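Same chain, two partners: chain A is paired with chain B first, then with chain C.
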Partner chain A sequence: MALPLSQDAKLEAMTAAQEVKGRSLWQDARRRLFRNKAAVVSMIILSIIVALAILAPSLSRHAYDAQDYNQVGCPPSWAIDMTKLDDLDYADANPEAAICGQGIVMSFETALADWELACGEGASPGDGVVCGAKPTIDDFKHFLGTDAVGRDLWVRILYGARVSLSVGVVATVVALFIGVLYGATAGYIGGRVDSVMMRFVDIMYALPFIFFVIILMTVTADIPFFKDPFNRFILIFAAIGAVEWLTMARIVRGQTLSIRRKEFVEAAVAAGVSNRAIIVRHVIPNVIGPVIVFVTLTIPSIILAESFLSFLGLGVQEPMTSWGVLISEGANEMETKPWMLIFPALMMAVTLFCFNFIGDGLRDALDPKDR
Partner chain B sequence: MLGYIVRRLLGAIPTLFIIVAATFFMMRLAPGGPFDGERRLPPEIERNIKAAYNLDKPVYEQFGIYVGNILTKGDFGPSFKNKDFSVSELIMLGAPVSLKLGLMAMTLAVFIGSFLGVTAALRQNTPTDYSVMSIAMVGITIPTFVTAPFLTLILGVYLGWLPVAGYGDGAARNMILPVVVLALPQIAIISRLVRGSMIEVLRSNFIRTARAKGLTDAQVVWRHALRAGLLPLVSYLGPAIAGLVTGSLVVEQIFGLPGIGRYFVQGALNRDYTLVMGVVILYATLIIVLNLIADVMYRVLDPRVRLG
Partner chain C sequence: MPEPILQIQDLNVRFKTPDGIVHAVKGATFDIAKGEVVGVVGESGSGKSQMFMAAVGLLSGNGEATGSVKFKGQELIGAPQKLLRTIRGSKASVIFQDPLTSLTPHMKVGQQIVEILTTHKNIGQADAERRALDMLELVRIPEAKRRMQQYPHELSGGMRQRVMIAMATACDPDLLIADEPTTALDVTVQAQVLEIMRDLTRELGTAIALISHDMGVIASMCDRVQVMRYGEFVEAGPVDDIFYAPRHDYTRMLLDAVPRLDQPDKPGHPVLPPIENWWERETLIDVQDVKVHFPIRMSGGLFGKTKPLKAVNGVSFELKKGETLGIVGESGCGKSTLARAVLQLVEPRQGAVVWLGKKDLMKTRGNELRKMRREFQIVFQDPLASLDPRMPIGKSIAEPLITQEPHLAASEVRDRVKDMMKRVGLDPAWINRYPHEFSGGQNQRVGIARAMIVRPQLVICDEAVSALDVSIQRQIVDLLMKLQAEFGMSMMFISHDLSVVRQISHRIMVLYLGRIVELADREEIYENPLHPYTRGLISAVPLPDPKLERSRTRIKLHGDLPSPLDSRAALTFLKSKVIDDPDAEQYVPQLVEAMPGHFVAEHDPV
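For the complex of A and B:
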């Protein structure tokens, strides 16, 4: 049997209980999110990918559109630029060295050792061997291989990441902006305005949107203004974003409808706050939870939509690239150059997984029912 | 019920009209005519061609003619790039292939998807459940245009079990890869959907009653749980068709199947405006009609919706 607590102990326990701080929704959500291992790992991987994409120009010696004519369609390897070691003779003397394009594939160590042997200090160059400069690690360049016209695949994947990720983010912001404003307005004003506005969304919803994006891309392909790669790029943002806002508008409207009846909104109305201010100051901040979840799930679907367009040849144009373009090129060459398909596809799959896991994690973290 | 159907049909008309109008005017926005080739045509010939395609009339009149021809004759006009064909002829050429592909993929998706979903729900929180759900996650995340080349690379190129591409007059060997690739995302979505609804159903009171009166597990599942658990599948029919249509664009392109989707993509790349327009209108109609059918079926099947 437990001993009755002394008066002091009781008091102590009570103050201790009072000192436990209440947690806000956001602190709680963050704690729950960080307990979700898949989401945390995804966030780490995604940050690495984003960092790689941002730093892409300084991460490789190659330009994304530069062609290396000595190494066209080379498999991933630490291939040396054999122009520095008279290549044909070298190939004859080393039958085990694989020929790729006009270069020879071998490890850096082998190449260095061979160079030391033939041209290093104290060695006398044999007949017909022309000694170039000592090979450096920089010559071993295309470690994910090159594509069918000799461009470095690693750099192209990173530049593809820049395009794909920025399309995903910017188009989502477009969708977010239109969707939140539209949905909050419809939900807040309600009545006939609401039904007309949502009827419009329903109609748009019935359309197979990707077809409209395709039509838009087709139609604009002949307009000189949109032939400029950058303008076309912006058009893709706008086209995809302009369609993706529909779901956003629906979600926000539903949330707004329920919030509108809450007491604090009534209080704001009674205090004479304008409609606009109520929507911006009170309604929108309260619908942000589901919106954040939706955003993390929209980014991957937009990346997919852009890749889909690019895959069909209607998205970004040469020499710009995106994951869709790379996968499409890879699919065309997969029988002889499978690395051109495998690496971009892998990169895109990993990114999409990360976004989905983060989205799921956020949904669980922000769902009050699950507490 | 009849009133509901009529109301929905009437509601579909403005939607379709907007689709046709939007497509038509977007196409007309494009600069230059469809006949601006490398070769400059003599002006009189150009005038004749334009007259033949009604391009010399004002835009609204062209629109009227276009809509009129669709409604009265089912005629989407001549293809601008495949000179000897009308759009309707091209669509009819591709339809059997696309229909076969779509139906096979749909059947596969519904059966495998429901099977996986029910299995996962019956073994909730077991390794079976987790593996089914992770595979579903893969299926949802990885797009068709990645799975198609990958499966082709493994099964077609490396193992040599299946042909890499081609229609082969619809031989089963040629259809396996396209159908599987097209069905994969749908299998994933359906299995998730069915798992969720089955779990909910299995917890409900009437299942407890069924168990309480001594039915075996198999009887409970087959006779009671499945009927309610598979219901959400019906309302997913519409989105599934939309997904299959979008997927078929990629699948037909990759595997070189002569279906509507391939014509559509080729048309978009060649700026064959009438062909693109025709296919979009066809697909939009298809999706709207199937959505309608799905909603009606749902009402028929679910007494709660009928009463509500």
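For the complex of A and C:
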């Protein structure tokens, strides 16, 4: 309802309300985001996953690249009786355990007895014998089982999370940054600049993604700088990000074109606001809705793109791994070793759900009409 | 009293929305007799349109109607769709507000009328085409035969609305429901359309239910009036009773708010203080021969040709400090483009805009221009569109201030924002609200606060009140006059509505196709208009005074505005000098000072 015009009396009452502080869209958005339960739970789960990935080396006694010749392709240790792996009767009753039991070189008891003999109390280690720590049952346990060459799956999933999450997030941020700035600039300036900028995007689109990445990877293969695994890893980000920003730029440009013609942008120009401030203050907050939806779709597609590159031998190289690699290995062994597929896929699914919920929450939080 | 065509008895309309049930129409009861024109007045959201939509079964899916609506004795509420369709098409037709969206874009105009005739009248194609042609001629569409073969987008707004009327009346309906039929049209076109509707009732005895918020239209058209508010009739009666002896406060308020061309200074509202010693006052801006020509791409050749669209074509005027200059004209006359040219918001432009006799704004660029912008601000037409939907209004109001005075402390900005909000009648506690939480009038107050916060010397109001209901319109006009008295800024008040412009402006400039046709004092231009276009414009404005309306003789302007791309158009009122070639360089009518301070463009004697 509109106020009546004679409101001098009302102004008195208004003075009492002077204390109200101004809030920006971002402050309002944060408040609304934290009221969204699904988004908050997702953020908690996601931070746990990230923490696990960061702390991976100290969370397991196994190294990600160490092969356990005693347990090749073993199911999760909580699903089988670890002490009876070399027991033939047990193997008859539990076929999955039998698969891993077949490769057994030494059971825990044998290993313990050997250790006692060589390094135990009263024993004098002979020449060339290096005494390690006393074997415990935990050394023989693999929380999520082992893969086809006896590497601990749990620790490999955690290491895979490092690669997949960083590729997913970093490549998306790269795509977001380039795409939003490029698209917003093209759309805001418009005219000939827009045409030239968007024709360049069209040309990039015309290059097949794989073709582009293969060229990039093979061209750089002989450059010493890119032989270093870490630098090669960075190159993957660049390659994927360089392709993903194109769609982002198109989305943002289309939105910007329509926003640029709105009166509130003209009002800002009339107030003397600079072009840069208009893009940052008015254009970007108003294109953010569709952008966030696109981002939540981009992260999974980038994680999958990375696994595809790895499959072609262009991405991460053994023994390093990623979720994409783990899932494709698991898919190959799915009939005999289902755990190799189930656990990495579960992790990825949970992560993607989290990203989606956070994306939805952000989009709603940034829309003031949605209360 | 003759047998009523439409009898509405205790009609209730409810909408189920996510926020609960909205009771849009509460127990409406009234009749319309044969040949009668009944006006339904009310502000937006009063349920006036929904009442008739419910009557003809066109409510949206979440709406529900109860009560009784009898059309010639036949119950329509709960009637089967088949019956409703027959009635809608042939016996009770509806004319909607927006003539563009209510015509099918991919069908030729003639075909659309023929379709209705063949569906409802059971006649052959050839007969239907003949009848369609007759209908188009009846609504006075020139070159009706050629128009039959055109698509809706090739016709102007007024022409499309006439086609809509032709379609609606093609089957000789007994009742015509006209929902704001002229709101989207210019006044001169509105006058033509209203006259066609008046003739229809006279010649065919069609009853008309005229839904409008414009008291002038109601006064000139209706026999009886129903005043509606919040879904209820607050008052009903013959048109003279409503206008001369309103009983309900709401009707009185509505009538008081309506701007009257013949009474610019109404009692009970701020009075425009006259500008004394006009010649001695300091000139704020001196606009010299401003031109804005947009290149328009025409088909032809491999890449097409461009032709200049002369949106503003040589406009010169002076604006004194503290003065308000009203700019009137119909759509496409270049009034908004002129405002943007003065504010340096459009390219390309020519001419000079001299600020305080020193600086030519046209030659100012970049940072210097951005700094100058604090002196001239603009208030836009659409209050919602001119505010960033994702910016709390406090931030929107503060934006010009933090841009122009970046050194201000946050607390000082906040205090100034709150102070300005109080001055424009907004509660300072609302700084964190978003534009969608406000009504149009409140958003317009935000827009005014944003323009005023840097204390500019010039405020341009571009159709600032056109999108608002009359009562809110009045409040905003009063507010602007109050602010002018307080801050002493100059204003350029742009509107298509001559009556509003006359309330607020010291001098009035009439634009026609990018050129000034007349510029004079507010009294002078109304009492003594010299140019035939100004006379036609003044005569076309309906007055909210039924007796006066009945006795008025109108000066008619025929046809629509010619295309500004046609160079002959500029000489519409000086036919004696026209060269008959659309691309030729034509004579430019000069502005002559007919009386001291009264300028008029050359024109053929009338």
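We take it that the second predicted complex is superposed on the first by the 194 of 371 C-alpha atoms of A that agree within 3 Å, B and C clash if a C-alpha of one lies under 4 Å from a C-alpha of the other, contacts with A are read in each partner's own complex, and residues count from 1 in each chain.
Heads up, the rule we're going with is that a contact is a pair of C-beta atoms (placed from the backbone, for glycine too) under 8 Å apart; a residue touches a chain by one contact, two chains touch by 3 or more.
Everything numeric here is computed off the predicted structure, so don't read it as measured data.
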item	value
Which of chain B and chain C A:N356 touches, first, second, both or neither	first
First (chain B), second (chain C), both or neither touched by A:A271	second
Touching partner for A:L55 - first (chain B), second (chain C), both, neither	neither
Partner chain in contact with A:V193 - chain B first, chain C second, else both or neither	neither
Touched partner set for A:I44, first chain B, second chain C, both or neither	neither
First, second, both or neither for A:V280, with chain B first and chain C second	neither
Overlap of the chain B and chain C footprints on chain A, listed as residue numbers	none
Complex contacts: residues of chain A adjacent to chain C	1-3, 5, 7, 10-11, 14, 17-18, 20-25, 28, 262-264, 266-274, 277, 281-282, 285-286, 366-369
Residues of chain A defined as touching chain B within the complex	203, 206-208, 210-212, 214-224, 300, 304, 307-308, 311-314, 324, 327-328, 330-331, 334-335, 338, 341, 345, 348-349, 352-353, 356
Parts of chain C lying in touch with chain A, wherever the complex brings them together	343, 345, 369-374, 376-378, 380-382, 385-392, 394-396, 398-400, 403-404, 414, 417-418, 422, 425-429, 431-432, 434, 436, 439, 441-442, 447, 450, 454, 471-472, 475, 478-479
Chain A partner contacts - residues on chain B that touch it in the complex	12, 14-15, 18-19, 22-23, 26-27, 29-32, 137, 140-143, 145-146, 148-150, 152-153, 157, 164, 242, 245-246, 249-250, 253-254, 264-265, 268-269, 271, 273, 276-277, 280, 283-284, 287-288, 291
